[in-house]
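Below is one structure, written out as structure tokens; comments come after it.
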Amino acid sequence: MTKEERIENIKRISGTDVRKCMKCGKCSGRCPAFKDMDIKPHQFVTMLGKGEIDKLLESKAIWNCLSCMACVERCPRGVAPAAVVEAIRDTVVRMQGKNGIKAEEIPPIVDELIPQQLLVSAYRKYNK
Amino acid sequence: MQRIGVFICWCGSNIAATVDVKKVAETIKSEPGVVYSENYQYMCSENGQQLIKQAIKEHNLTGIVVGSCSPRMHEATFRKTAEAAGLNPYMVEIANIREHCSWIHKDMDEATEKAIVLVRTAIAKVKLNAPLQAGESPVVKRALVIGGGIAGIQAALDIADAGFEVDIVEKNATIGGRMAQLDKTFPTLDCSACILTPKMVDCAQHEKIDILSYSEVEEVKGFVGNFNVKIRRKARYVDETKCTGCKICMEKCPSKKGLNTFNMGLNNRPAIHIPFAQAIPNVAVIDPEQCIKLKTGKCGICQKFCGAGAIDYEQKDTFVEREYGAIVVATGFKPIALDNFNEYGYAENKDVITSLELERLMNAAGPTDGVLLRPSDGKHPKVITFIQCVGSRDTSGCGKPYCSKICCMYTAKHAMLIREKYPDTEVHVFYIDVRTPGKNYDEFYRRAVEQYGVDYIKGMVGKVYNENGKLMVQGSNLIDNEQITIESDLVVLATAIEPEPSIRKVATLLTASIDTNNFLTESHAKLRPVESPTAGVYLAGVCQGPKDIPETVSQASACAAKVIGLLAKDKLKTNPCVAVPDEMMCNGCSQCANVCAYGAITYVDKEFRLGGGKTEIRRVASVNPAVCQGCGACTVTCPSGTMDLKGFSSKQIMSEVEAICKK
Amino acid sequence: MQEVTTKKKEFTPNIVAFCCNWCSYAGADLAGSSRLSYPANVKIIRVPCSCRVNPTFVLKAFQQGADGVILCGCHPGDCHYVTGNYYTRRRMALLFNFLNYMGIEKERTRVEWVSAAEGQRFSAVMNDFVKTITELGENKRLTDLRVKEGE
Amino acid sequence: MKDVELKMLERAKQLLESGEVARVIGWKKGEFYFDPAPASFETVEELGDFVYNGFCGANLSKYLIQASKKEGKTAIFLKPCDSYSFNQLVKEHRIVRENIHVIAIECQGKLDIEKIKAQGISAVTEVEEEGESVTVSSLYGETKLNKAEILLGKCASCKGKTHQVKDEEIILHEMPAPINNRFDEVAKLEAMTEDERFAFWREQLQKCIRCNACRNVCPACSCVKCVFDNPASGIEAKANDDKFEEQLFHIIRAFHVAGRCTDCGECSRVCPQNIPLHLLNRKFIKDIDGLYGEFQAGETDNGKTPLTSYTESDVEPNNALGGEAK
Amino acid sequence: MLKIAKERLNELYAKINETMGLFMPIKKAGEVNYHVWGEGKEVSLETLKTVKSPKNMFFPQTENMMKFKTEGKNIEIVDVREKLAAAAEDKPFVMFGVKACDYKAIEVLDKVFLAEPVDTYYQIRRNAATIVTLACSKPEESCFCSVFGIDATAPQGDVTTWLDENYLYWQANTEKGENLTKLVETLFEKGGEAEVETQKANTQAILEKLPFANLDLSRFKPENLNELFDDTRWEEMSEACLGCGTCTFVCPTCQCFDIRDFKTNEGVIRYRCWDSCMYSDFTLMAHGNSHTTQMQRFRQRFMHKLVYYPSQNDGLYSCVGCGRCVNKCPQRLNIVKVIKTLGGNKND
């Protein structure tokens, strides 16, 4: 996969349009894990927009993001920084050859209210 | 039998180089109905027009076709030519053999053949043209202004100064609107009341202006030049003609726990009250929800104390009906509700306030007499944090997608005023962008930073929470790429503004269109920005889009100029190419009215003879030619073909189709 | 009779274009003043607004032997009459769908929004439409034999 | 069904006797069991011919255009599907609602005598309905038929047994559930190629004798003067000799009733050549539902139709084409 | 009498078709009407009532009368009858399977179109036709031809035929019939008189039992014209009438037409097409319409069938009792209801 394809792939997985970002910083203003994020939530969006994914793929932030979705909730433009973080994480995991988790590993009773994305990302993170 | 004359223009070589104009003129001679056909170098020239005029007279022409450039270019010219020769100007059709033929084709034979078809098509149409007369309708020399804020006041004054009668209908007990609530105004920092109240007084004293306060528009009939408006005068339980504004009633009223809406609910007021000191009219009003007498029948204290005998508990809503030539809509705005923005803690914390509330807190006539004290404990706030774009530029569905336009400037104003009055106060402003286009605007904002040391932080607030009585404002500082938390005493939200909700009803009554954000739509964004698509209706102030005071006043004056221009005419000439119903066939189904963007169609009950001495009453459509703009939407909606469009009748268009298809 | 056979050899379609006065007709004018050519078999009928075009006009054109009908109006949202083209859009979407349901080739009918500034686009649209109809061939399904026979 | 008829008759008598209404619109006995005709009853004596049975398929609502203009109130018996047409006519101001008393009546699906005859039964003298079975007597013998096989086309794809309007009701038994198959035939046609569809409609419309029964029975075709009768319209035509005329009439008629057609199915019921005309109107209904959201004409007696409204994000005509998935 | 086995009928049709046009009841898109016969067509002789009656063959629903060719300002008038006559002479045609009622209807039409001034368009087609009738063997409930004195078991025509389970029986009645017989004789064998008689008797028995067999026409006489015209019951009889033209267009004797112009690329075609007295614009004149209500239009139709026409044609009714209107009226109104209301049943 070329870098360009990878960028497109991350954009596709995240399902978010990074161009909608108006760079207000509300996501980073709310992020509860801000100090542990070496790359801040708003940067994820802008850097993906600029195609600077190499730094993102190496960042610690993807493992420190709590996937609490506060950034998604707060964004006034309908951009989802957490989804970008998740897409990067997903890409890293795949590049390492661990293609996702197994269905049977998911606990049988899962609260319906937990966003599925949160569940999956948490699972990956602690499985690292 | 029609006698058609055809005039083929060479347009120098523009047409003649690719179209064999002589052949066209010659071929057309044998068309049925054509009695004269000629070609000439420049038909639009003096000599060309002379040729047309002469032919009309000599050959007794009943209609002419000019094969020339686009009708958008010279249709008006040739209509005047025809009129000068005594032919009805609507008996002229243009065959566009330049833009649509000679200029796009290279092959002479091909272009000539096409030109012949285009001329034939125009002949087919003109044969079915009917002489049309532009209609006339009288103009009532009186204007209605809906809304008594600065927009309405300015428009009314300008119109009245030009000598026309104006009525201002204001739904509140006083005129003045939002501007009356403001403390100082940017970018000059003059006191709002000082510049507004003289204008309010001017209105009250102007012999041409009639203020109908505490009133609402109920019904609008008619059309440009001839609106008939029914206005509800709500019962204020105080006789406006008797009340002297002495305020004894306010002192004596035992029910004093009403929220003072003028002060944004920051303090209380009695059930009977005058909204504020400089109210116009300076007349009390009773809040029936709060008044003990009106609710229980017991009390009546105000009546007892009123020396003027102005109190009337029996008052009912009354209606007045008036005629107007033009209507200005100036219904204004309100800040949005903050229910969707829990993150700022507005509902939980008294010290999180909106900018408009801050205006009242800083106003000398406000609840704190102009001393900046925070609502929770009446103490001076030492750290004040402003948050911009609360609900503006929000496409997530929680707020409004547009920029509210005024917030950047008033926040700079607030910050500056606070720092000036209370230099020991720390002021922070979280912003996304600072938008200050306008004369002296950016200078104003920079003064706040450079002269007054206001701390502008590029970033947005994610959360406001209360910790040990302090308001913790957590947000990002994008320049430093940091997340910061500011311990504040007062948080001010630059809340987005939206059109006053009553605008929906007004728009429906006026058949004025409204956009997805409830702003009224202007006729053309650039070229007709103060006119509504509904003729005779004009838009001033925020009802059309967010704007500040200077812009609002300019727009109001622009409206006034338009209204004066309209009222100065004794009669209105109407476009004769309008829809016309054939009553004999109309079902009265109302589908046409449903698609009319101008409200030009109404229905009347008419009696028709059925034969055999019987009659029948039927509901039939009636088009007001003064309002109809001639788009033709109704003609297609009408299944029975009752509606036709003059100048573009179904038969005319069909004959054009036939002429084109005839190979 | 001979003339007819020679005509048949090379099929040149007959195309009726309804253009609204404010945008598309002006767009066609601009195509003209910019010398952007399109085939001569496109003939334009000026209407105040695309919403003036009655389905009967479209059918009339086919009856009279048109091979393609195209409606042009202001871009949605830009209508000179505020809402006219919104109605056009619904009417024609339904009508053209319906004609296709009756077996009329869907390529024969088209709606395009062309602004007064889009001379280039007007010319491109017409070139493309003529090409499409030429490939499609003569309108045989919605034509009135009486019109053509005549004799 | 007999009990429903008796109840209706009783109610009609009461209404006429008490003077509450000046006339009752219902059905009158014909020459046979299977040919009741719509009728207006003004006296109790006239009610002697009153009938309500499985062959009362006619939609009576259109008669109200004239009746509601007459002196005095008019009572009318409306089946569930007729009530949609009623609402639509009220919406279009063709019926004066205040002058009408609507009696909602039970309907168990109506029968088609032509379908009975198509089973090879000739010289029918008597028909007896009993639940799901129908016994047909003829000069040549007796046959038992299954009701489902001889339902009127419109009843075989019934859109629901709920009255959209009523002042009172006479419903004594549970009515069958709606049959949600009304777009099946349209979808089948959509799935064909253009050539096949053209051939299908060519063959069907060739049969048209332009008797105007479809138009005259249609509650949506309530024009004082139809464009096809009006020399000024430019499309007036009486003949349908050429294939174009056959198409023009039906295309324009379907377009004119689009968004207003309640799918009452009368057009197909009355067609002497049994052209499936409802498939034309249903195409519009299906497209409107698909492109602009579900809409059922006649569900209410006010509001705009899909063709007199719009949204800023409506589909573009060039993209809306074909019967393909949208 | 001649007979031919049922299985060989196609040979018969093919033989006729070699030299003549052949029109007969053929099923197309589910409905049976008179169409040109061809190999593989679905012939349906048993169908009692084609939707459209055979009158369409002589008096088509739409027919061009003349053309005006225009070129520039010149007009040329083209008479289309020459072509029509040439075609008729070139290829005369056979109408096969015409029922007794429909044959009688042609007689009714002849009195209108062949009387002076002769309708030459009708005449050309009528002369070119050889009519082969078919006796009915299974009349249905809506049939009442016997009321008008028509014998459904033995129709007239150039050739009369009977059909039973095995054979078609053939008997020529006229010169045209003889000529046709000569053309196809080789396919036939002799015999069948007894079978035909049996069928006639069986059918007669059913005819007598038909529900409308006893309609009483005695009141429909010219002398009762005014009384019938003024009858108050027309109002209630017509109140459900939709004003559509179904009854008139399926009727084998309705003969009204309208003449109109149609614009073509090269001029104008003047054509005629069926009209219906049920239509609101029927006989519309410059001053308005002579019938302003549906009741008047409804009355016109039945008065014409039962009173006006017979008063001018020696008592011949212009209804033949085919029952098409009984079957096809959308709202179940028809001539039987009118006859019963105004005339009654013989037994009453």
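Going in written order, the chains are labelled A, B, C, D and E, and every chain counts its residues from 1.
Everything below uses one rule, namely that contacts are C-beta pairs under 8 Å (C-beta built on N, C-alpha and C of every residue); 3 or more make two chains touch, one makes a residue touch a chain.
Keep in mind that this is a model prediction, so the values were computed, not measured.
Identification of common neighbours of chain C and chain D yields B, E. A comparison of the B-D and B-C interfaces places the larger number of contacting C-beta pairs at B-C. Averaging C-alpha coordinates per chain and comparing to chain D, the farthest chain turns out to be A. Each chain's centre was taken as the mean of its CA atoms, and the one lying most distant from chain C is A. Mean C-alpha position of chain B lies 36 Å from that of chain C. Averaged C-alpha coordinates give centres for chain C and chain E that are 45 Å from one another.
Separating the CA-averaged centres of chain D and chain E is a span of 30 Å. The set of chain C residues touching two or more other chains comprises 55-56, 60, 64-65, 83, 87, 91, 146-147. Listed for chain D are residues 227, 233-235, 242, 307-308, 312, each touching two or more other chains. Looking at chain E, residues 263, 265 sit in touch with two or more other chains. Of all possible chain pairs, the ones that touch are A-B, B-C, B-D, B-E, C-D, C-E, D-E. Residue ranges of chain A in contact with chain B, taken from their complex: 20, 22-31, 34-35, 40, 42-43, 70, 74-78. Listed in rising order, the residues of chain E touching chain B in the complex are 70, 72-73, 263, 265, 288-289, 292-293. Across the complex, chain D is touched by residues 516, 582, 584-591, 594-595, 603, 616-619, 637, 639-641, 650-651, 654 of chain B.
Residues 70-73, 96, 98-101, 103-107, 110-111, 113-114, 117-118, 121, 513, 521, 533, 577, 595, 597, 629-633, 635-637, 645, 648, 650, 653-654, 656-658, 660-663 of chain B are the ones touching chain C in the complex.
In the complex of the two chains, the chain D residues touching chain B come out as 69, 92-94, 222-227, 230, 232-235, 256-257, 304-305, 307-309, 312.
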